[in-house]
Amino acid sequence: MPGARITSGERVTLRTVENEDIPFLQRAGSNPEIRYPLGNPLQNREQYEVSDDRNAPDRFLVCLEGDETPELLDDADDVTRIGCVSVADAHYKRPELGYWLVPEFHGEGYGTESLSLVVDYVFRQYDTPAVGAGVFDFNDASRGLLELLGFVEEGRRRKFMFVDGEHRDMVQYGLLREEWTE
Amino acid sequence: MPGARITSGERVTLRTVENEDIPFLQRAGSNPEIRYPLGNPLQNREQYEVSDDRNAPDRFLVCLEGDETPELLDDADDVTRIGCVSVADAHYKRPELGYWLVPEFHGEGYGTESLSLVVDYVFRQYDTPAVGAGVFDFNDASRGLLELLGFVEEGRRRKFMFVDGEHRDMVQYGLLREEWTE
Amino acid sequence: MPGARITSGERVTLRTVENEDIPFLQRAGSNPEIRYPLGNPLQNREQYEVSDDRNAPDRFLVCLEGDETPELLDDADDVTRIGCVSVADAHYKRPELGYWLVPEFHGEGYGTESLSLVVDYVFRQYDTPAVGAGVFDFNDASRGLLELLGFVEEGRRRKFMFVDGEHRDMVQYGLLREEWTE
Amino acid sequence: MPGARITSGERVTLRTVENEDIPFLQRAGSNPEIRYPLGNPLQNREQYEVSDDRNAPDRFLVCLEGDETPELLDDADDVTRIGCVSVADAHYKRPELGYWLVPEFHGEGYGTESLSLVVDYVFRQYDTPAVGAGVFDFNDASRGLLELLGFVEEGRRRKFMFVDGEHRDMVQYGLLREEWTE
Amino acid sequence: MPGARITSGERVTLRTVENEDIPFLQRAGSNPEIRYPLGNPLQNREQYEVSDDRNAPDRFLVCLEGDETPELLDDADDVTRIGCVSVADAHYKRPELGYWLVPEFHGEGYGTESLSLVVDYVFRQYDTPAVGAGVFDFNDASRGLLELLGFVEEGRRRKFMFVDGEHRDMVQYGLLREEWTE
Amino acid sequence: MPGARITSGERVTLRTVENEDIPFLQRAGSNPEIRYPLGNPLQNREQYEVSDDRNAPDRFLVCLEGDETPELLDDADDVTRIGCVSVADAHYKRPELGYWLVPEFHGEGYGTESLSLVVDYVFRQYDTPAVGAGVFDFNDASRGLLELLGFVEEGRRRKFMFVDGEHRDMVQYGLLREEWTE
C-alpha cells in the first residue's frame, strides 16, 4: 500500500515514504543519472531506513496516481513513484530542500510542480522566514528549476565535493517567505 | 478483524485501535484537512504505533457498522472507519479529549454522537470532576461541536503554535461532571 | 563542580543542571512546600536524570555565587543552589516555563530575577512569538510573580488536577514577545 | 593530564580533546559571548562526549603552555585552555572549520595563530582542494580573522538561523589550497 | 529482487549486494576454484553480511540481465549473478580492487568488462590519484586481466600467504588516474 | 607498573602494552614527527585501547630500564618508554612490522636494536617464511634501518596515501627467514 497522500498538485501527489518504498529509493538513488548530480554515496537497502526520529528530514515520494480517484482512503496500488522530495534541518535552522525525479520523467514539468508543492508545505508547516537548497554547479536542470520558482542564488562554495570525477562547486540558493508568497 | 467494540451510539460505534488500523490513522492524519486543524506533525507508519504503555491515551476508532448485528463478538469485517477519538492524561489530571472525522463524513452529526459517546465513557471510566479539550481558534466546526455539547470556553492561549502558515491561538474548553450529567 | 553558568542577573546566576545536582533537585522536589504548589509527583533519584535528548526541556539551576568572581573559568565550588527554572516544549509550540525556589529564599526577589532571566533567555534563544506558564489558582506568590513581569492571565482550566487534597483550577498565563521587549 | 600536543605555534599549542576537558568545553560553550556568536544550543555535560567515531570532527584544544618546555613527553598540568578549533566533514567533502576563544583571550592574536595552525593541519592531513568556514554576519571579529588569513567570502545564506533574538544571515567563506600555500 | 543497478557495460551490469545475495556469495566464495586464487578463508553465511558501515568496502554483484530492458525501474528477477567486484580502503588511501567470476563464465570477456566498469566507478567516485590490486603470482588469468587494462606491476611481496599448499608471492599492481584516462 | 618484559637486548627491552601506557602512545602518536612518517590519523585517548582480540597485532613498548636489574618480575617503575614495535596480520599471512621511537632517541642505535629484537621474536613465535614492512618513500631513516637489517625492497605502491601534504609512494620491504638466520 502506498504511503499517505499529504498534498496534491495538478498532476503529482506527495506521499509519505514507507518501508515498502525503500527498494524504489535505493534503485533510483543508485542510478548514476541521479546519484552523481546529487553527490550521494551508494547505499545498499540496509543503509536506507524509514526513521522514527522526529528530527529526521521530512521525506515524500513524488507520485503519479493511476486513476483519478481523489478520495482520501483509497488503497489504490497503482500509484507510480517518480521521485522524492525532502526537507531537512527544519528543527534548528532554515529548512534545506532536496529533490530528484527518475530520468524518464524529466522535462515534463513534474519537477516544477513537485518543488512548488514542497515549498508550500514548508511555509505552511514551519515558522521559518526562508528555505534553502544547494545544487552542484554542473546541474543546470536543477538550477533552472530553482530559479524558475524564484529562488535567489546566494553563493558558491568552491570545490565543495568530489563528484563524478571532479571537484565541484556547490551553488547555494535561498527563498524568503515574502519572496514566495508575494 | 476490527478491534473490540467498546460502546455504541445510534449510528456509530467506538472500537479499540489495533495494528491493522495504523494505515487508516496515518493516511487520515496526513490529510491536510485533518492535520492542519489538529496541529499535528506528519508521520510515516513507523512513527505510529499501538502503545502498550498503561499511561498512553485511550484511543478509539469511530466506525460505521456494515450490518445491524449488535452482538458483541461479531467478527464483521465490514466496519467503515470514519474517525478517531482519544482520551489523554487521565492518569494524573482531568482528561483531555481529541477527535477527528475524515472530511467525507463531516456535517452529518457523526461528530456530535462520537464526542458524546466518549464524554460518557470518560465520566463512567474515570473519577474525574471535569474533562477538557483544546481547539485552534480557526477551527469553527470543532468549536461548535464542543459548545453544542455544553463545553465552556475557559481561556485562550495566545500564539500557541505555528499551524498552516500562522501562529494560532489555542482555545481551551472544559466540561464539569455536573454540567454533563444534569 | 557546578554546571556551566549560562546567564547572570544582579544576584543570581543560572547554571546547567548536571548529574551532581540531582540530589538537590530530588530533595527540593519532594518538599511539600514545593511539590504541592507545582502539582508534581514524588520521584526517587533514579527518576531524575540529566537527559541527552535534544528535545528535552532546558533546565537551569538558580544559584547564588559564593564570591563575586565573574570569570568564565572559575571552578568555584561555593555556589549555593536555591531553585530551578525550566523551558519546555520549545521544539513544537510556544515554550512553557516552570520555576521554583526553596522556601528559605522566598520573598527576597530572587524569583523575580530568575524568572526575568529565563524569559530573556527564551526570547533570545527561540524564534517564538510568546511564552506561557500555568499556575494553580491557590499559588498566589507564583501568580504575583508572573503578573509583576507582565504576563497576562489567559484562562482558567477548572478542576484541572487533584493537588493537596482538592481539585484545583489551573490558571494559564502568557506573555507575547512584544509585551516583553517593549 | 592534558591531551597530546599535535602542533605548536609561537604562542599557542593545539592538543587533542580528552574526557577531562569536557567541563571546560561545556562551560565555555554555555557562555553567551561564545554560544550566541556560534549559534550553538546549550548542552549539559552528558551531551558532550569524546567520540571514537573515525568520521567525527577533529577537535583540538587551543592551549597556552605554562612553561617553555618543548619536550614531547612532558606531563605538565600547567597548560591553560583558551579555546577550541575543529575540522568537520573531511571524510566526504571540503572540511569545515570551527573555532572559538574564551573572551578573556580575545584581541591578542591568539585566534589568528590558532586558525592558521589548523588550516596548516588541514592541508597537510587531508587531500582537499579547499577548506570552508561559516560565520554569522554579526560576528565581525570572526569574519575579520578569516579575511586576514585570506579566506574569500563566497556567499550569504539569508535568515539562516534564529540567534540571539533575530534571524541571522550565515556568511560562507572558503580558502583554496593554492590561495593558502602561495 | 536484485539490488540496484549502479552501472552497465555492453554485457554486464554491476548491482548493489543485498541480503538475498549472501547465499550466492557464500557458495561461490567457498568454491576452491575461487577461494584458492583469492586466498580467502572459508565462511558460513553468518560471516557474510551486508554492512551498513559507511567505511565498508563498496561491493557489487556482476550480473547478466535476462532481458534487454534497460529501464531503471524494472523489477526483473531474471538477472544472473556471475561474480563480484569490490573497492576497499577508499576512505584513507588509494582504493584496492577485488574481483572474481564463477568459473562457468571465465574466458568470455566478462572479467575485463567488469573490472573496467569498476575502475571507471573508482575514478568518478573517489578523489584518488591511483587504484591498486594484489594478485597471487600463480593466478595468470587475473594478472593478464590487470595488465590488459593497463595496470603496472609495482612489486612482489615474497611468500606473502600460504595458499593451496604453498607459500605464495603476492604481486602488487597499480594504475594511476592519468594512465587510465589517457 | 610497566607491562611484562618479553625480551631484552643490550640496551632496550620490549614490554607488553598496558592501559597505563595509552597516554604515552597517544602523545607520541600525535607528534607530527612520528605521525606523518607513519601516515597515521590523529586519535584521542578514547580511540586507543588495549585490545583483547586474539587476532589483534602484537604490540610492545620499547623501554630503557632505569636500573640494571635483570629479574623477570621486577616491579621497577623507572622504565623509560622510548617507542613501540608491532607485529600485525600474523594470523593469516606473513607478519607486517611497525615501529617508531620518539624523536629524542633517534640516531643512537635504539631503533636497530628494537627492530632486531622484534624480528627475532617473529621468527621464534610464528611459523612464517617471511616478514614484511611498508615505509613511505620519504622516510629515509626508516628505510635505512630496514636495509641495515637485511630487508629487501620488493616494490613501490605509487601514490599510496596522502601524507603531510602530498600523495606518497609506499615502499614495501620483505625479509625471508633464511635471509635473517644466515
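Letters are used for the chains, namely A, B, C, D, E and F, taken in the order the chains are written, and counting of residues starts over at 1 for each.
Rule of thumb we're sticking to: contacts are C-beta pairs under 8 Å (C-beta built on N, C-alpha and C of every residue); 3 or more make two chains touch, one makes a residue touch a chain.
Note that this is a predicted model, so its numbers are computed, not measured.
Chemist: Going by the stated contact rule, which chains contact subunit D and subunit F alike?
Modeler: E
Chemist: Along the graph of touching chains, what's the shortest path length in steps from subunit E to subunit F?
Modeler: The least step count works out to 1.
Chemist: Could the interface between the copies subunit A and subunit D be described as same, meaning over half of its residue numbers are common to both, or is it different?
Modeler: Mostly the same residues.
Chemist: Tell me which of A-C and A-E has more C-beta pairs in contact.
Modeler: The comparison resolves to A-E.
Chemist: Averaged over CA atoms, how far is the centre of subunit B from the centre of subunit C? Could you give it in whole Å?
Modeler: Distance between chain centres: 33 Å.
Chemist: Taking the mean of the C-alpha atoms as each chain's centre, how many Å separate subunit B from subunit D?
Modeler: 52
Chemist: What is the distance, in whole Å, between the centres of subunit D and subunit E, each centre taken as the mean of its C-alpha atoms?
Modeler: The separation of the two C-alpha centroids amounts to 41 Å.
Chemist: Distance-wise, how many Å sit between the C-alpha centres of subunit C and subunit F, to the nearest whole number?
Modeler: 58
Chemist: At which residue positions does subunit B touch at least two other chains?
Modeler: Only 41, 167 qualify.
Chemist: For this structure, give each pair of chains that are touching.
Modeler: Contacting pairs: A-B, A-C, A-D, A-E, B-C, C-D, D-E, D-F, E-F.
Chemist: Within their complex, state which residues of subunit D touch subunit E.
Modeler: Listed in rising order, the residues are 54-55, 91, 127.
Chemist: Sort out for me which residues of subunit E touch subunit A in the complex.
Modeler: That would be residues 1, 3-7, 16-19, 50-52, 54, 58, 71-73, 123-127 of subunit E.
Chemist: Any idea which subunit B residues touch subunit A in the complex?
Modeler: Contact set of subunit B toward subunit A: 23-24, 26-32, 35-36, 41-47, 102-104, 162, 164-165, 167.
Chemist: What does subunit C use to touch subunit B in their complex?
Modeler: Result: residues 39, 41, 92-94, 128-130, 132, 152, 154-162, 167, 172, 174, 176 of subunit C touch subunit B.
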